[in-house]
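Here you go, one structure.
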């Protein structure tokens, strides 16, 4: 043959040092997070919220459910008649707002995390199944998804609350019951995309078992998109809890949640604004930080961006 | 809103234009402007009396027979005259249709209706009915036009554009938004006061208060005590607060196996509650502390059941100690937002119970679930109930209703009284039975009265309205200031 | 052979000299131009382009060549003031049509673009706005650059398209880019660039993505347009045969610097820079002898293939695709493969050629088992491949066109290449790793690559990984679907050499698909020519290349560009260009 | 393609609508006896049972469902327990208000988000970009009812510019539309920004700039239209979400939409009304999806129907 010069030498050696200096994945992740201004802000904010939530018992806080009928509607400390013992004031039952907000974070954050984890697991499993199998199974599952989307969440709520009673766990179940369809849709779309990618075809040619195809090739490649959706979804779910509280279906006393405080205090927004505003700020800050993190994650996981 | 329009904000939507097919006070409070009763109930000086309305007068020919003389100058909104046939039609319509919600309470004792003349009608009951006149007031009591039903062809068609005899004509009903009524110039009581009456449904309290403040409505019901200051401070608005036919009470389980089976525990619960503090602080003074189950305006209400000296936490602690129930878990069910301050009251009571050594736990439920639990007997040891719209304290002896609310409570004397009452006709004797029944049930603490709440309305300064014990809002009684 | 075949003496050198003296006709002149880029993350500024001298005159085609990333596009963009926001341009002199590019404001740039300089961008489909009609995209230039009325615009647009040799120009105005073929799109791009009657036309890799046949058409058109409209052309490419065919003057760039500038004949005949020499040496080519009639070349007449057993046999294989249509319930059936039959003998390589869309990939996927044939039969070693058991036992592997896309980005190279093995019982992790290292060595990669991810390798390295993976199970048949067309010239050469060596060492049989005929020639024993899903010609390589029988094969071969500047098919002034040029100037 | 798309719409609609009736029926059945909610306190158990029988609720559940479906196929959509009249008109009556609010909030969102998102994309990294992103996230993170009440307090009570609640005039629409629109505008602005950035980095944008035509034309014509597809997708999802009624917002502003109706129907277990509402929403959703597909096709000729 002619015209083709054998040249099997490669440039690998040249850039070998770069490999040695490669930081670990976690390090790279954290470094990238620190470099992004909004990502850093969101991470710190969320960390503070989580710390306060987990360490609430260690903090010198008042009892969040203890009523002081003589100290009702106490304004925050920087206003007239505010007291240092109740830095953020008290509500209509004379309970310490600061303690309630910090303890309330538990249910709100818990609902967000647990409902998203649960619905994510269900939704992804079904979506992957529909996307991989295709055919009639896909059609049936997708029609069910369409139907679920049209059925108001309230109806599920009512049934679950009747069967299981009100409370944190039923609430999580209900949100998961209506929320999984989001993940199903995204997982299915992603599977349909990924399964057409050439590396999947390559794996097929290599006669890779379907379980391996799923675990090694498909799942890892649909996960980034799902992780991003999930982070953003946590914020939405926390807001859903507050809407449900507004309708009387949220977390019920004696459990405390921001949504409940917000919904209860809305009547007093004009007279004792702090009762509804502080939980609102806490909730907004949490959702804000999660969205910021989610946005950052989206950029981080996008291979096209440096 | 022009000065000839009256706008009323209610806290829920009108359910139906059929006065016999809803169980909702605010619906009826709107419909009284459209339809009328044979007689009215008034509460001068805190006592109930019947006054003439479409019936000029009535008399009892024997314990089972009543004759009404009807007004002859009454016309339906379509101009046709009102006659005894309409009364017969109204009564018989109810008896023929079990789906009508008012059928469970209205005209049950009526055996037959005889039209004696165009404006005279006789009703015969199957047995003596001391509460007979109550049939002609309240939900289901509104008289409907026979001719218009026939002309419309179907009930649905009639209620699409209903007519009555009342001071205001139907104009438009936009569900979940507003009912619009207009002046009836031919009303028998003289031309009505307002050109237009608009009754709006504003479920969100904060919005209702905002509408009142901004002058969007003249009258707004269900104002929370916290907003009173704002409404008073506002130049155009003031408030009225008045007694109403409601009570807040607790229902306790009595069957064996639950901790409240022990009478001592039930008594301790009763003693632990500081009703005065609830009334003064939690309800901001807009409620009356009482152990009774009916406010005093209700006929035969036992006025001896007051809250005086009922609060005794020390004794309660002793009783609990004695019963060995210290730290016992008590589940306390409460609705939230159904009645004014319902949850706050419940939260406070749970606090009192904890103070005397019970491990009380609040279980707040959304209303429809809560209500279903009452029906299926699945609440915990205690649940909160706001009863209302009763006509007479003899209601306590309604065994059907008792079964629903206290399915496990048994008391031989009470049951004997319940069988004796229908046979008893004398005013005095009846009162003795009914008072005793109230005593038994509160002493046994199957039900414990807590408060008689008041209604609070916001009233724009351009109108005057004092509020009614039965919570009706007849536009004719709202006057330009 | 190592160098370009018999170069003609630099016949038109004097004429070029004449052209260069006509300074009045200089459209673009850069002296010591450079582009500096300030990275977003605040690092050191990068000098991406430096010391570039450039001169383009009317009617002259100046080529800018160089490997990928050498700064060609940046240099071109600087002429239009379209450098990225964080890039800075500097030069001792930068004149376009007499205007100093270093002192232009925003509005000046806008006036200059389209009117003084028009540009044709690299990818024809992505460079046209997908949601606007062709007419819209041309007419807006006519409106803003030449202030034509609506009626004039339409007439002029039709005229432009017609001049570009596009059929049905009036209807084309209503069409959207996706409705046109690659060649048509490229011509539309050219029409847009020419709509403002610019003095300078810049064409950035205008034919890289195109077929041989279409490439020839587009080049022809460009050169013709330049001549007729008296436009200077700056042509950017890395394909030396294109340069040889159309350029008058050539600049070679590497790492942002100009390494050599010379008239075209001189550059091909006497390359000065080492890099230029390397480029010329790597360019794949077909021996000139083959391109002459066989008899002339004195080659033996084509002979029938030896009677070795067939490892793969296709018998009337067909494939349909569904195409949905507006206003119809039923989708249209589209026949992508129409009774394709051929056989491949053990140990031989079969080259599959044909223009874009002729069904090559469809066939490859069917052979590899990624798609089902709708008719016909495939036999592997005599056994019917439609039998799942036979399919499971058939050791067929595939190498895909895009090495990056065919490697899972989230798996390490070591795992990737032994994945087919891991499916077989009896392999321990350590054994797999050792095997992986061995495979890497075989394809010429160091063991250090085992723990890397695909994105940490270069394109050529990735394709080696793909080959290693395909070879891990010691397949008997390897299907390669355009394994080199996405790669640089130098890398292409590497991969071809590797395949060649492995084939010999491992006794592989191969199906090799490419649209670069040079590489097919280099590697195949037999050739099958596909046209619209049908086999039009099949036979031993030298017979197909030397004595094509079918007209379609001939047209494919004719469209190949010679890497010899003296054999230009496009220049209309080969012998006496000076005269032509002078005549125009006069 | 239009035909087959319509055909596909029908083919999808039937199983979805069927599934919906089945799920809703099962849920309402599980939610328990509706008569409990209806009867007055005075009623006895016998009264309640009489009502159960009158409504046919004493039949086995599968017969109830079959009965319901048979009536449905005969065009009888059932009777509302709560209103005592046919359920279909009750639901249809609420549709205009719901659609009006959905459309108005969509308009608000688009009018805010498109310019904001474009400005952010065109000045990527500048203070405009940061401001848009910040406000967008904030808009999403604030609970709807909080925003709604604040709007009422400011514009209704303090400034008295707008009517506090109700429906009827355009002025009534402003605050509910703002509440829903701004919440969605945040998401939409971020999406517009992202797709704008994506579009701006495309090769054809360079071609457009290289033509030397005015910048507004490059942005407004070449970029915006290409960035429109994801925007349309998201907007249609938003509209679909609002079809079910914006419960919270409707309640606060006393807006007589489907959301309030459905909540009340669920609370009273008003089977017929729940069924029809959900069926109507499903049908509307499918229709919106179809129209979205048609719109895609108008924007981008490459889209398949």
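Labels A, B, C and D are assigned to the chains in the order they are written; within every chain, residues are numbered from 1.
Heads up, the rule we're going with is that contacts are C-beta pairs under 8 Å (C-beta built on N, C-alpha and C of every residue); 3 or more make two chains touch, one makes a residue touch a chain.
Predicted, not measured: the structure shown is a model, and the values here were computed from it.
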| item | value |
| --- | --- |
| Taking each chain's C-alpha mean as its centre, the one farthest from subunit C | B |
| Central subunit by CA centre of mass proxy | D |
| Geometric centre distance via CA averages, subunit B-subunit A, whole Å | 46 |
| Intercentroid distance (Cα basis), subunit C paired with subunit B, Å | 87 |
| Of all residues in subunit C, the ones touching two or more other chains | none |
| Per-residue overlap in subunit B, given as positions that touch at least 2 other chains | 206, 210, 366-368, 372 |
| Multi-chain contact sites of subunit D, meaning residues that touch two or more partners | 31-32, 149, 153, 157, 251, 266-267 |
| Chains touching one another, given as label pairs in label order | A-B, A-C, A-D, B-D, C-D |
| Contacting residues of subunit D [partner subunit A, same complex] | 12, 15-16, 19-20, 23-24, 27-28, 30-32, 133, 137-138, 140-146, 149-150, 153, 157, 190, 240, 244, 247-248, 251, 262-263, 266-267, 274, 278, 281-282, 285-286 |
| Residues on subunit D engaged by subunit C in the complex (per definition of touch) | 1-4, 7, 202-204, 206-215, 217, 221-222, 225-226, 299-302, 304-305 |
| Touch list for subunit C against partner subunit D, complex | 80, 82, 109-115, 118-119, 121-123, 126-132, 140-141, 144-145, 176, 178, 189, 192, 196, 324-329 |
| List of subunit C residues in touch with subunit A within their complex | 1-2, 40-41, 281-287, 365, 368-370, 392, 396-398, 400, 402, 405-411, 419-420, 422-423, 444-446, 448-449, 452, 455-456, 458, 460-461, 464, 466, 469-470, 473, 490, 493-494, 496-498, 500-501, 518, 522 |
| Interfacial residue positions of subunit A with respect to subunit C in the complex | 1-13, 16, 19, 35, 197-199, 201-209, 212, 216-217, 220-221, 303, 306 |
